[in-house]
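In the part that follows, the structures are each spelled out as structure tokens.
In the two complexes below, subunit A is the common chain; its partner is subunit B in one and subunit C in the other.
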Partner chain A sequence: MEAEERELELLIGPQHPASGHMRLIAKIDGDVVTELRPDIGYVHRSVEKIAETKKFLQIIPLVERPSLPDTTANNLAYVMALEKLLGIEPPPRAKYLRTLLAEITRIHSHLYGLGIHGVMIGSSTAYMWCFGDREPFLQLAQELTGARLTYSYIIPGGVRRDMPKGFADKVEKVLRYMEGRMKDYFDIYFNNPVTRARLEGVGVLKREDAIRLGAVGPNLRASNVPYDVRKAEPYAAYPDVEFDVITEKAGDSFARVMVRVREIGESIKIIRQVLKRIPDGPILHENYEKLIPPKLKEQYKSTGIVKFPSLFANLKAPEGEAIARVEGGRGEVVFHIISDGKTSPYRLRMVTPSFRNVVLFEHLTKGARVADIPAIYGSLDYFPPEADR
Partner chain B sequence: MRIDELKQKIEGELRDLKAEIEARDPNVVNIRASRDDVIEIARRLSSIGFDHVKAVTAVDKGDIFEVDYIISSYLGDLSYYLVNLKISLPRDDPRAPSLVEIWPSVLYQEHEEHEMMGIYFEGHPRMGRKLLLPENYEGIPPLRKEFKIKTEGIDYGG
Partner chain C sequence: MQVQEILNMLFEPYIFIPLVFPGLIAAFIVLLIIIWLERKIAAKVQLRYGPLYIIKPLGGVIQTVADLIRYLFQEPIIPKDVDKLAFLLTPVFLFGLAYLPVVVIPIGPSYYAFRSDLSLLIALALTTLAPIFTVLMGWASNNKFSLIGSVREGYLVISYEIPIFLSALSMAILYGTLDLVEIAEAQRGIWGIFLNPVAAVNMLVLMYMSTSKFPFEIPEAESEIVAGPYTEYGGILYGLVMGASYVKLYVLSLVYSILFLGGWNPLPQSMIGNPFISGSVLFIKSFILVAFGAFLRAVYPRFRIDQAVGLGWRISLPLSLISIFISLLLVMGGVRFVY
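Our next item is the complex of A and B:
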């Protein structure tokens, strides 16, 4: 008897199929995906609505939480939009410290993405290595900010803490370690024929499609589009540092992985320049610094740790609107804030890289093999809570 | 290219259409337009190199809704600039033409603003379907101001 020919519907998820709760609804004909639709929203937390009820400062942890492996990008983009409304610029030292944390975060965010991708295509080694090597960077960030992931380090007018003593030496040690490790990664994983076979030529995103669909971050640059917010509209200390915008030509899953790997090298370059050139001076705008009561100011001068001036709690942003963008680990983060002059935003729009990239699932999987779905999914470094917000 | 040069260029492009154009330092050009012209404006912006939309923000302004498209380019000089295309919609008829044909990058964002703010984007292939909200959600689109969320508040004691 001949087998009945028919299209099957394959449900992947929503119980944590890879990097968080989401569902992929695939229509398959034999082993070939004819259509795939991401079903998102399982971890939606109404950030935009809740923001309208929170004070400006309370929104910092709120916008950080959805993008757990890369909280700095959201923290920074939100505060930059707020600073535009307030009309203040942080002092130079604070700008350098922002870049320092942003690049430490970019490295551990890339390692997170590479590790998850590794385990999705069956390499537990890549997973263990990336997560292991992410640890020293988390510890650096913790030493700088006091937290492992949710730093809330960047505040209007500056940053919360100065660099601790001896920090630069510790950073250098970690950077050297990571540079040494990269060779191992290539020997065991990236140049492994099995890895290559799973990723090369799989999920090819053409240059014009990457632009048309509005892809961001390494996924965009892997299709040979040299767009990086750090160059397009430089912020923090990026105008003062030299680095290359990494691109790849192939646009396949391997190219996306390679962009992340090579960007770790660029981040290392940036961090070294930041530590070499960081200027002395205050870490908080003088308008805010002078609000700190004398006793706390003494403590701030001796420890480098800012206790929020109480006036911050009722910070009001003047009427108007502001747009800010930042190049996070996964790509461009955009904040659009509309203020009516009160202590909470009238409307806050938060567009994250994963939300911009979700369209790629449907585009790249058409005609792919079922076994290629995880290879493509992983290569996008997609993080469901970040997309859902 | 400076911001006023870009503004002039856009003014030249849109000369025959009704659009209020204003430059906002340092790199944003606001275009206020009616929904009848928005497709044509989008087409012309796209033809001068604005190749994607970064954000679609729908705003509940009481008597009207406003939809903001934040548009830019991935290539060359234009990538520094943002165009904020704003259209106002009457509260009792919040329909706007979808820009998905011109900029496919709005596919998910228009969808989100549809379910969260109740804006109907005509020509968008996924109107009426849920994106982030639960399948069985019924009621006021949650980003509208009349939708109130309960807040816990802070118990200061005493």
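Our next item is the complex of A and C:
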């Protein structure tokens, strides 16, 4: 009875500057968190059920909406599952373009996570810098795809647009800029004694716990588990490029931040390789290219922009089921499609990394301080709409 | 004739200092400029513009005035379950007490509202009153975040108050007086910061700690406890409590400038008698200190409360004892000041 009276129940969110679209129900004893339960579902929008009523092509924009900072992963995983059902393989150039966009997205998704984490522990500079430096990458993606965030770039059998002229030089310029900026980030933020004091040793996720709880993505790799879908089950152009799976040993908030920072470096490496090795050729599978009417085909050949053949709208997937997984910025994205041979899936299952990481909240915050809640929250790069779907 | 009399009365130090300079009106102007400057400095570091549109050629300098007008016309919302009297009065007391220590601050060797042998002690003692009202504010708000914020303020107070007094008193030992006028005059030759740098650095950090500047912006940590004790406040009441910590920093900076930065020194003998010139020198020094505090926002994240309390007791307290020791050594070594 007495212990109960000592505890204070704190409802953090959903109306709170740093809660996101969720509620954290914290029980605190003085400054120590005894229990923290995330109450999710505030932005559930029933993507899986809506998908059953939409046509296969309409689902592409639908599935990328929940995780706005990291849309390519959802787009790619869904299309890969669909392609498995359809039994087609995109041409090599399309695969490289998919990898290119996926890595550009990974960089700006990581910057988003790092920025939000920065402002959660009080560094508005880290926030502004990260969000500012996302901009060149968003512009690159815009030039490649025509959109800033919701690209819908990857379609069954290929991609929507070819690389514009002179794109490689622009990318190189942005990559150089980012590499130069990283030094400033370390000077003012990552090596800041206050940042270190706030993050090191906070929210330690042990290796065995990370595996047992099923953590994914950078959060798993920060606990020294070298698991990355890009290596474990290579897709797109990843078998052809060389990169390291970044791991950190400590498993604390700072390790999770460092994994993201170093992954930005790896992504820069991958983008350079992709641009060097990208083969010439079509960007859409020949079966679909055939369907494009002659007039549009001319336009496609001259501009490299695919206008959907109208037949695409009624794309039917053969009966069966398929699973595809992709390593997104936040971790593993899994799509499972069951088709009964109609124009809409019978069932679509979408497993997002944030949903798998939400379990970590309860585990990591036990015994932490009240001020550690945002420090841990931010380090997980958790995105409520992505978890709620 | 009447106007002349009123003007003469206004320039009497006992009215001019608390009311005009460096008191209420100066504090108000500092408040308006420093909030703008803080946003502008942070924007510069963060590669943005900051306030811009209100008087564009001057970089939006009166943005804060616009904000103030908005605060004034905003409906002050008083939540149903608060302790109404305490809720309404604490911002007023907080703001008033924050600038009260100004009454003992001299702006020239012979221009002061109130001279006392103990004016340093009085100034410091008056600055310790404000946190009581912050704690009361958290209690009156009837909000868990406010309560946590005010408890944090309480923890911070006990960790900075003792070392800040000891650091200031180490200088009093060195100068052999508690009178701010004499302290400033003692630094005609060499400034206190060079005689006892340990005390100077220590007190500077603690000064920012006591006014919740980064990295000690712990009681109102936005991402943790919304706005701490100020969570339930809106409109002009919020404007007052937000302004109070800036005013407190400004007042402490005045004290700091007199203690360590030579007050109105160095000035030639002919100018030192003019309270406007000596006051301006003092003002510029303390304004730089306030601006530096604002700049820290762009550099540091915030500490956790246990880390800040640890810093106060484990590092600042020993440092302040060391600074007393340094002062004693200097005094025993024959450093003397003549007044």
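Rule of thumb we're sticking to: the second predicted complex is superposed on the first by the 381 of 389 C-alpha atoms of A that agree within 3 Å, B and C clash if a C-alpha of one lies under 4 Å from a C-alpha of the other, contacts with A are read in each partner's own complex, and residues count from 1 in each chain.
One rule holds for everything that comes next: a contact is a pair of C-beta atoms (placed from the backbone, for glycine too) under 8 Å apart; a residue touches a chain by one contact, two chains touch by 3 or more.
What you see is a predicted model; the values in this text were computed from it and never measured.
Which partner does A:Asp70 contact after superposing on A: first (subunit B), second (subunit C), both, neither?
neither
Per the contact definition in the header, classify A:Gly122: touching subunit B only (first), subunit C only (second), both, or neither.
Second partner only, subunit C.
Identify the partner contact of A:Glu103: answer first if only subunit B is touched, second if only subunit C is, both if each is, neither if none is.
A:Glu103 sits against neither subunit B nor subunit C.
Under the stated touch criterion, which partner chain does A:Glu263 make contact with: subunit B (first), subunit C (second), both, or neither?
Neither partner.
In the superposed arrangement, does A:His44 touch subunit B (first), subunit C (second), both or neither?
It touches subunit B, and subunit C stays clear.
Please work out whether A:Ala371 is in contact with subunit B alone, subunit C alone, both, or neither, and reply first, second, both or neither.
second
Counting only touches as set out at the top, which of subunit B and subunit C does A:Asp381 meet: first, second, both, neither?
neither
Once the shared chain is lined up, is A:Glu248 touching subunit B (first), subunit C (second), both, or neither of them?
Neither partner.
Check whether A:Val359 is in contact with subunit B, with subunit C, with both or with neither, and answer first, second, both or neither.
In the superposition, A:Val359 touches subunit B alone.
Both subunit B and subunit C contact which residues of subunit A?
No residue sits in both footprints.
Contact residues on subunit A for subunit B in the complex?
Of all residues in subunit A, those touching subunit B are 40-41, 44, 46, 48-50, 53, 211-214, 220, 225, 227, 232-233, 323, 325, 332, 334, 336, 338, 346-347, 349, 351, 355-356, 358-359, 388.
Using the touch definition from the top, list the residues of subunit B that touch subunit A in their complex.
Answer in residue numbers: 27-28, 51-55, 57, 59-60, 68, 70, 74-75, 79-80, 82, 84, 103-109, 116, 130-134, 142-143, 147, 149, 151.
What residues of subunit C sit close enough to touch subunit A in their complex?
Touching subunit A from subunit C are residues 42, 45-48, 144-145, 148, 214-215, 217-218, 221-226, 297-307.
Per the contact definition, I'd like the list of subunit A residues that touch subunit C in the complex.
8, 10, 16-18, 31, 118-126, 128-129, 132, 188-189, 192, 194-195, 197-198, 369-374
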